[in-house]
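Read from first to last, the chains carry the letters A, B, C and D; within each, the first residue is number 1.
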Amino acid sequence: MSDTLQKSSDIDLDKRPENGRATAIKSRLTSWDSIILVLTVLVLIVASFSVENFGTSRNFTFMVLDLLPIILIALPMTMIIVTGEIDLSVASTLGLTSSMMGWLWNQGLSIETIIPLCVVIGAICGVVNGFLITGLGLPSLAVTIGTLALYRGLAFVVLGDGAVADFPWNYTGWVTGTIGGGAVPNVLILIVVLALIFGIVQHATPFGRSLYAIGANAQAAHFSGIRVARTKFWLYVVSGAVAGLVGVLWTLRYSSARADNGSGLELAVVAAVLLGGVSIFGGKGSLPGVLAGVVLLTALQNALRLEDVSGQALNIVTGSLLVLSVLLPNITTAVRGNYHRRRLRQAASR
Amino acid sequence: MARLEVHDVSKSFGAVAAVQGVSFPLYPGEAHALVGENGAGKSTIVKMLAGVHRPDTGTLRVDGADVDFAGPADAKAAGIAVIYQEPTLFPDLSVAENIAMGNQPLTKLRQIDRKEMHANAERLFRRLGVPLDPTRPARGLSIADQQLVEIAKALSSEARVLIMDEPTAALSAVEVERLFAVVRSLRDEGAAIMFISHRFEEITALCERVTIMRDGKHVATEMVADLSVDDMIRRMVGRDLSALFPKQDVEPGAVVLEVEGLSREGVFKDISFSVRAGEIVALAGLVGAGRSEVMQAVFGVDPYDSGVVKVHGRRLKKGEPRAAMAAGMALVPEDRRQQGLVMDLSIERNVTLPRARKLARLGLLFGGSERAAAETWTRKLQTKLGRLSDAVGTLSGGNQQKVVLAKWLATGPKLLIVDEPTRGIDVGTKAEVHRLMSSLAADGLAVVMVSSELPEVLGMADRIVVLREGRVAAQLTRAEATEESVMYAAMGQEVAA
Amino acid sequence: GGTTKDSNTNSGSGTQASAAADPNAAVKEGLKIAFLPKQLNNPYSDVETGGGKVAVDELKGEYKLVGPNDASASSQVSYINTLIQQQQDVIVVAANDPNAVCPSLNQARAAKIKVITFDSDASKDCRDAFINQATTEGIGQSLAKMALEQAGSDGGEIAVLSATPNATNQNSWIEVMKTELKKPEYAKLKLVKVAYGNDDDQKSFQEAQGLLQSYPNLKVIVAPTTVGIAAGARYISSSSYKGKVAVTGLGLPNQMREYVKDGTVTKFALWNPADIGYLAAFAGAAMASGQITGAEGEKFKAGKLGEYTIGKDGEIVLGPPTEFTKDNIDQFNF
Amino acid sequence: MTTLSLHAPAKNLLKTRELGIVLALALLIAYTAIDNPRFLSGQSIRDNLLNTAILAVMATGQAVVVITRNIDLSVGSVLGISAFTVATMMSANPGLPMIVALLAGLAVGAVAGLVNGVLVRFGKVPALVVTLGTLYIYRGITYSWAGGSQVNADELPRHFLTFANDNLLGIPWLVLIALIVVGTGSLMMRNYRVGRELYAMGSSPAAAELAGIKVARNLLGAFVLSGALAGLAGVLYAARFGTVDAAAGNGMELNVVAAVVVGGVAVFGGSGSVWGAALGALLLTVIGSALAVLDINQFWQQAIVGALIILAICADRLVAVRIARSLRKRDAHV
């Protein structure tokens, strides 16, 4: 409710409806995701100039590698959160696929078979989530807390305490390498391609439209002929598949298949998505905002680490950023609303 | 002295000036009507009196003293009870708790006295003649039942001022009469009543005075007895209107919809009827008779246990709204807030939601095509709005209803199901909607109309299917249908021969 | 077709052309030596890196301590990358995963940074030397010996309360211990279970509980991890099993003092962790100065600890562990 | 349509949301006890209750917050900061009585909760965002303050440590406190106006504002309560485990949320009960210890915990569906 009120006071006083386009642009510029976008660019610029070694191409590669898992998992996660659900099991799915990858490798399968197989395994994890949530109608937060434990547990069942490390160099090297040894990391292509696909699907297709409708009012979406359950189901499958893919990339990047790979990553992803302006209640948010959120977090952490800021302080920075990113726009709207009311009263008393 | 006074009050939302310099008093012992077109600012006045909105300028006075409500709690403390246009219940709590919230009876240990609370609720329901179980949760109540609980809630607080924003919109004649009896007795005990409705017969039946608003401005406050209905409408709309638009006679075409033996356990049983092209078939019945449920099952948003739905002779897959839509069906649901609209999305997105797939080119959607489609239909329905990109939740109730109509008419249906299509719509637009339905029928559209408003049913329908307690009680042709015959069938008495 | 485990020939390790060592080279001053423990704010590794700081000060170098809050390989990699960017001279690292840190460590070595591992080794082709707290055999044997002492001459059931199921160190010690138990002198000891407390205090505590419920005749809990032994001892000391079940293993004297004094624990062992960090810093400095390259047989001086010789595979063994009892525990403060 | 409701207690019991979880718990205990009767021994029951106590205290606060359609993810970090504060305080002033420790913990937690509440209500930031943020912030503060230092059992006063094990009439203090917290919480939520208002706020936030409920006051109250109880849990944690470092309670928020959710509190607010949440805490704890007792392979344990959580949610759902169906039957006209 407060959101509706907020939005209405976003509208500028002097603009008449026919100036719609101008106001629309203006309200876009002050929207949360654009603020994050601007902030991200700002941080990148300031850090390049003031932090030693930040702007180097090698550091760029490191940064891209650091944000790779978060950004990829955030793509489907954004959609899921937009529909008002959540998937906390992604990091465990990642761990399970990593384990499976190690186990299959030890069984003598070829890596070219293993990689697609792992994506399928991730997708199967998603199928289980999707079935429990849409088939049985259980709350997603509860279900994915359960599968968070389940998938991680299965990862340990598969690989136990071992680690598998002897993956082929041309694959592990590709993940950490750059295009032609230059400044552009190989995995950046993957990120760009996937981000484009997800961005277009979310923002410019009927399917994407339906996600917002589902998140804001699932019943009305159902009455509009949108297959709510089916849509959510597939989102979980995609989320699982992407987590599986990230499991593969993670394993190759660290040349180490382990059951505990990526543990705790789910909170980082959720934090990044929220930072990017997606409403946890569903129905609101944009992918560019989320991408900016991930980059902002990673860049800031990277810069602060180079400046020898301790890990603990990084925690505080991350946390504050998360709160402030939502708090500040709210405060500005409130202040603007007050100003608006004062002006009206003055106008009336004149 | 006026119990409550609105003095030169204004309120705007961004660019929309919803209320501009309105003043009128509300005296104890009087029932005061507030009328105006959709979006005239009635609900905004109510919300200011309730402490939800703060007036931008102007003052509210209680017993002659200026007040400044910081929130609904203050208004409540001042003895103002409000029934909002949209029900505001707590779905997880029991009906009795909903009614008692905030002033539950307490035991000596300051614990809630549940027994007493339930007894109170039962007492209220008896007074209103409502057969509701106070211990059941509010979730799943029909719109009408919700409205009744709202009424009970307002009555329970023994307020000095009772404000009712379209409390009867979802009710049928029987409940309305019972409500009026209770309200009259309150008025006679000295409460001040403010009543908002788009039905003029209700206003003349209940109210002594009326305040008319147009475009956020005060037009007049007069004795109801001094004004004819036509006078009221003229001042409200600014021109003459015929309140109801009778349906043109059309030669019915081929059968479009056939429903055979449709049953759903505990909800409806063995429902059969058919609709032809060019025909308007009305589903009548008392509130809770199961009319909405039947049509939702037909459209596929609800499941059913047995029976067949055929469109153009082809059997429809059950539980699949998309299949129904593909067959040319459209359903304008009764609850626009929960079922009809996505309040947070813009008007244009809402209008194009069921058609997004058709508007897409190469699977991609471009803003322009959506906007154009939305523009056409909102204009046809004379929707009062700021920008198409505004959230639909910012529109007035009636204009929201128009957006729902636009959304479904834009799909170009062959079979249109409308559930309470004119609920909360003002007279002018109502005539417009009726004319539209009639002309669409003339072009060969088959229409099923669920309505609790008998005049509407009688005026518009070629045939009337009367439901009672989930079964078909009677099928009446236009010639057979009179107010009495429909009511008798709905209530389970034999039609007087 | 495709690349399988068998067809795979890994040639990616960054083997450095080892320059010849110059045993007489002077130790450089102002070396930048960075410590990267498994995890920050772990009391054990704090003592280790504390020793490192003392050594770096003696060497007149620049000491730096960085590390993640969680003991995961991935966050360690981020820190290694940062250290590369900052062009440190030596990275002293306790690997959370022997392989996961490898690519980064090799990048560091390619950038002319010397990599010394301590506490927990990385794969041997991605570091220059490893400071081993004690030989694996030594620790395993000592664990078995203490278990027998505690169980008494009649022997009985013993159980192990370890760290995580994939902790490299613990697993190799437990392996040695198992081999040892097969010997005739240990015939009366029966190892009934290896439980894992994940180096989490609460989990270890619960695991200790579970052990006693499942094995009522248990005589000894052997915990080869400081977290496990403390949690196990705490549970026993506050339960009805006190005095009936003995706890032993590897622990920090400060954490264990309470339980040694109240009789729950009579004996446990550990090397001096501060010496590990101290030795690592000296080894790193010697290497960065060109005194040694990491080849077997090379010698270098490590301040107060005296002279050390590099063993096979670049291993440098600190020395035998110390055993702590009621009589000597007050002499130690770490 | 019947207007009268049936008040037969047996019928009501069959309809409570918590039935599913009670059944799950009973099955689990029966199965484990058949396998190993010691699971029902006094010591074992005591251990289970002691372990549940801390989680149940936190689950009570969490349940109240979740019922208002919010969430408090910062509880693990609040536990940490409170445990460390109190442990430091007690080791510096061993003379302080236990009640001071309890009050200090409550106060620290209440302040943390107040910050959450103010940000949620007045900053209009969704609770999940706020508390995810303060989860990092409070933990960061504890880390920055504590560094690697640790308060060990031997630094804490005796009466503080024995508090966890002392009894009143045979019931350990810890369990007694948990019982009081859960009992009071349940009573408040069920029978007092403020409790019903909290349900109303969660059921429909917009309607709650319109109904004139003091939403701000109640919301702050809920967050302060959750914070204070997490703070209290911190004291209990310090007393029970004796060793406190900056990582105390790390990751606990997921357990607490799991307990609440498993206990049948709807994540979208408005329904569920405090005692259900406490049952959820008990179930999770018993699962943990039953797996240890059943001697299930370590590697399978976590997977089984996950599967059991899902089963419990399914059971809860089944009961909810049955209630809904009986409701529809009652309303049926056909």
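Everything that follows uses one rule, which is that contacts are C-beta pairs under 8 Å (C-beta built on N, C-alpha and C of every residue); 3 or more make two chains touch, one makes a residue touch a chain.
Since the structure is predicted, the reported quantities are computational estimates derived from the model, not experimental observations.
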Next item on the list: State which chains count as neighbours of subunit A and simultaneously of subunit C.
Entry: D
Notebook entry, point to check: Going only between touching chains, how few steps reach subunit C from subunit B?
Noted result: 2
Checklist line | Pair sharing more residue contacts (C-beta pairs) when B-D is set against C-D | finding: B-D
Notebook entry, point to check: Going by the average position of its CA atoms, which chain sits the greatest distance from subunit A?
Noted result: B
Item checked: For subunit B paired with subunit D, centre-to-centre distance based on mean C-alpha positions, whole Å -> 43
Notebook entry, point to check: Where the centres are mean C-alpha positions, what is the separation of subunit C from subunit D, in Å?
Noted result: 37
Checklist line | subunit A-subunit D separation of Cα centroids, rounded to whole Å | finding: 29
Checklist line | Inter-centroid spacing, subunit B versus subunit A (mean Cα positions, whole Å) | finding: 41
Next item on the list: Indicate the residues of subunit D shared as contacts by at least two other chains.
Entry: 143, 206, 209, 266, 298-299
Item checked: Residues within subunit A bordering two or more other chains -> 156, 160-161, 264, 310-312, 315
Next item on the list: If two chains touch, include that pair; go through all of them.
Entry: A-B, A-C, A-D, B-D, C-D
Checklist line | Contact footprint of subunit D on subunit A as seen in their complex | finding: 1-2, 6, 132, 136-139, 141-143, 145-154, 156-157, 160-161, 264, 267, 270-271, 274, 279-281, 310-316, 318-323, 326-327, 330-331
Item checked: Residue numbers on subunit D that touch subunit B, as the complex places them -> 1-5, 191-193, 196-197, 199-200, 202-204, 206-214, 266, 269-271, 327-334
Note to self: Using the touch definition from the top, list the residues of subunit C that touch subunit A in their complex.
What the structure shows: 1-6, 8, 10-12, 40-41, 64, 66-70, 72-75, 77-79, 81-82, 84-86, 97-103, 123, 164-167, 171
Note to self: Which residues of subunit D touch subunit C once you look at their complex with the stated criterion?
What the structure shows: 36, 38-39, 41, 43-44, 47, 51, 143, 146-150, 152-154, 164-165, 241-243, 245-248, 288-289, 291-293, 295, 298-299
Check: Across the complex, what residues on subunit C touch subunit D?
Finding: 40-43, 45-46, 69, 165, 193-196, 201-202, 205-207, 209-211, 213-214, 216, 230-231, 234, 238-240, 254-255, 257-259, 261
